[in-house]
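One structure is given below, represented as structure tokens, and several questions about it will come after.
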């Protein structure tokens, strides 16, 4: 048995440590530690309910839009305001841009280097690269320029962001052609521009990205016009086309070389989604991507999600908590008087361990896609069935509960949302052109109340709980996707979803556990 | 009667400064921001010039008869500690809080009275100072920026400096302090009878004397 | 760093950046750096020139962060972030982007610092987490404070990006709330790079770029100025000319010299008194001034209205939201409630108060007290005739008038 540690886990948002025990080349146990504590929930106390919208976005600079929306929804539900119809359409659009931005950034900027090796791209033959791109149906780029750029970098001796990367790691499949590496590296660079374009959509409607300004509690401060929406539509189209012409074909071209990743990395197989993109009814199960809970051990069926079933454990965290698990609506976040040290046997993380009906739930695109698939959401079903066929697993959705499934789900979700985004912009433009009067904001009136904003960040189910008393926030709790996925063990010793997903993963070199890094990053922590 | 004029200018300045200031703080109805800012400036300068003139006059005008003498004193001496007022401070406090029945013997101005009068001088200048610290064209002057920095630090502003919120609140509170003085001043001046008001409003002196 | 086979502009064109785009970018940089427009060609040739020499070593460390500043910097488009990462800087360590991981990433950090001691740039993002002796953030089995001390003392200069790195940002606001487990002194929980290093007697120059998040063009402008226009000389010393461009707080004067209000495109509406009182109203659609809904533009000094955000797509006020003053120091406590005109005071109390409300209460109490006093005067029979004048000063009576002269 050897220990294999990644500290810090790079190419993620925030700070994470992953510790594994490896026996005979396979991970047998794992501990995931959130190593940063800031105290966001406490800062909310005594402030105006609408301030939470601005402050809580700063939890995460990659998914501030989702936090902002969840926070506004918690204020609206606590203080009894239904945000008006115009605001619903605008919020859906901003959130869609956030999802597209995040998924592109995740696949290329954060995750790709685990599967694609820039050093191998140097060996590619340029003509063959164009041929391969055409055969794979993916877009071409100035491959010669990209190759020469990487070459100059490597020959210059300064590797910049590739310094100390595992450029000679045997974990990159032998049979993956150098040309495919070059295509992916070219798109890795291109993706930086496309993610920026997606972020510009948010800026057009929300002022800036990260940390947008307009989805304040009660609706939106952004009043759309046909001209402004033309700008938005133009950019959505470009992002949409790039996802279809580049991201999806790239995924399908690279996936066959990592087919073994369909056999591990699944974890508990419990999935939870609150749902995202409101329909006119505002009901969670009616959302475009609906809410639901799935326990694959009990079969492929979906049940309605109930936020009342959440309890958060702090037993293996450094937080204080009298050994009692609490529901977020009455949750507490109390740091200790003194730091007690990292010890996997006792306390080893700042992240709480939320459990749903006692189970550790995976949240994220895979959870949403599984729920939507089982609920028969048409575009999701079509796309996933096609993808399963391409992977040679037609009619076997259960293979999605794996590392490769998690990656595929994220990229397929991007495609579904890209389609919807075009529909929604067009719908909003038509509504405005028809002269129908849309309402965009209603002020908060009540001074007391309790509420929850249940929503999804690109990386998974997100909940904000707000108690307001006398017009000021009395208690505020956030349950982020990372708390779900990266949670440590609970009182019963049940591993968190990422910890469980690491079990059974083959590791070639425990000194350089690229495989554990793949699992960790597949959750987009 | 320069002092009646002086009071009138002060009263009008305070009225317009308060109204325009409150409007600038929160424009309750649209349409007047440019005007309000203009009015605020005009009356600020008027108030300051008026105050400076008053201070200068204090060195040239004789105003009050000293108790138990026939001498008239140069006005400014009424503002400084006077022998006639020694040991009277507590007595005055007691008098106003009904712990003492008789009206204490003092000079023209009682101890607490002259202190509060004196405070209005720096208070008025301070209001102008904080105002200039907030005003774009002068806010960068080291003299004013120092005040901004001081109050920013006082309000807990991280590495300090540049934050205007603290001094804005102080500027606002200064208005309240001046208004509070005015309220007490008007009250105490008129509590026995309305002679002072008659003088200010009707330009009439009580022929009975006082 | 040159692509030997292709010229600089060919490289740009290959990435969809036209020569015109690039020169426009150089023009923007002159504005941010406070240079005359005539300097644009000099910037252009400096960037071109850098594309022919070795890369400038740099590391990017993460403190208590949300990664928003990294995200923000990734949004820069002309030149795109890839140009900065591959052709200008050798960014050997950046947790969010680095190919390496774990101890190998850590090794890259320390080797860069050791091999280029005094000659590399450190970019710091996120709060300096001082709480629990630095254990609020541990990276590579050390507190982040240890790493900052070690790397920070070796750097030629530090760019603190974003409000968190500048003074602790929103994280320092946590102790302003009375709650279990938190200290009452903000600095005992989270602080900024310059304050922390000063407390450790490390005097590496720090360039502060507050804002939440940082505007990417500011970061690029600082990199160009410091790295390519000679702000850091060959010995790794920050030149006097460069230092003189910073204000007392280490902020570039050209970026933080004027209020948002001064440059706001809605300023005309302010002067005319055309205001938005309600979100989603016709006034909002007409683009009126956001002052009554709490805009902090008049007291926030950044050049946001000029530089704008996300490749100039928009900025906060243009989108219809009031400025929340995130470019200020201690920006959360300084500006919250964000939709109100005043900040709350007395944070640290369970319910902080609004200054206007506090003043109204004090004023109201005083007026009520005067009224009550008036009734007292009436009851004491002093109104009209006044109180009887004392015969003799109390002091004199008590201390004996026989004493020579007495107290007059």
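By written order: A, B and C. Residues from 1 in each chain.
As a working rule, a contact is a pair of C-beta atoms (placed from the backbone, for glycine too) under 8 Å apart; a residue touches a chain by one contact, two chains touch by 3 or more.
All of these numbers come straight from a predicted model, not from anything done at the bench.
J.: Indicate, using Cα centroids, the chain positioned nearest the centre of all protein chains shown.
T.: Most central by this criterion: C.
J.: Centre to centre, using CA atoms, which chain is the farthest one from chain C?
T.: Farthest chain from chain C, going by C-alpha centroids: B.
J.: Approximately how many whole Å separate the CA-defined centres of chain A and chain C?
T.: Averaging C-alpha atoms per chain gives centres 29 Å apart.
J.: When the centre of a chain is set as the mean of its C-alpha atoms, what distance in Å lies between chain B and chain C?
T.: 37
J.: Between chain A and chain B, what is the gap in Å from one C-alpha centre to the other?
T.: Result: the chain centres lie 61 Å from each other.
J.: Quick check: what residues of chain B touch more than one other chain, meaning two or more?
T.: Residues of chain B touching two or more partner chains: there are none.
J.: Which residues belonging to chain C are in contact with no fewer than two other chains?
T.: 176
J.: What residues of chain C sit close enough to touch chain A in their complex?
T.: Those in contact with chain A are residues 1-6, 10-11, 14-16, 54-55, 57, 62, 64-72, 74-77, 80-82, 85-87, 89-108, 112, 127, 129, 131-133, 135-141, 169-171, 173-174, 176-177, 179-182, 189-190, 212-213, 278-281, 284-285, 309-311, 313-321, 324, 326, 332, 336-340, 344, 347, 349-352.
J.: Name, in rising order, each residue of chain A that touches chain C in their complex.
T.: For this pair, the touching residues of chain A are 5-15, 17, 35-40, 42-43, 45-48, 50-51, 54-55, 58-62, 64, 84, 86-87, 105, 109-110, 113, 118, 142, 144-145, 148-149, 152-153, 156-167, 189, 192-193, 195-196, 199-200, 202-214, 216, 218-223, 225, 320, 334-339, 342, 439-441, 443, 470, 472, 512-514, 517.
J.: Which part of chain B faces chain C closely enough to touch in the complex?
T.: 25-27, 30-37, 67-68, 83-84, 86-88, 91, 95-96, 98, 100-105, 136, 140, 152, 155-165, 168-169, 172-173, 176, 179-180, 183-184, 187, 191-193
J.: Okay, in this complex, where on chain C does chain B touch?
T.: Listed in rising order, the residues are 166-168, 172, 176, 186, 192, 194-195, 208, 247-249, 256-257, 259, 261-262, 270-275, 277, 289, 291-292, 296, 298-299, 301, 325, 328-330, 333-335, 341-343, 345, 355-356, 359, 362-363, 366-367, 370, 373-374, 376-377, 380, 382-395, 407-408.
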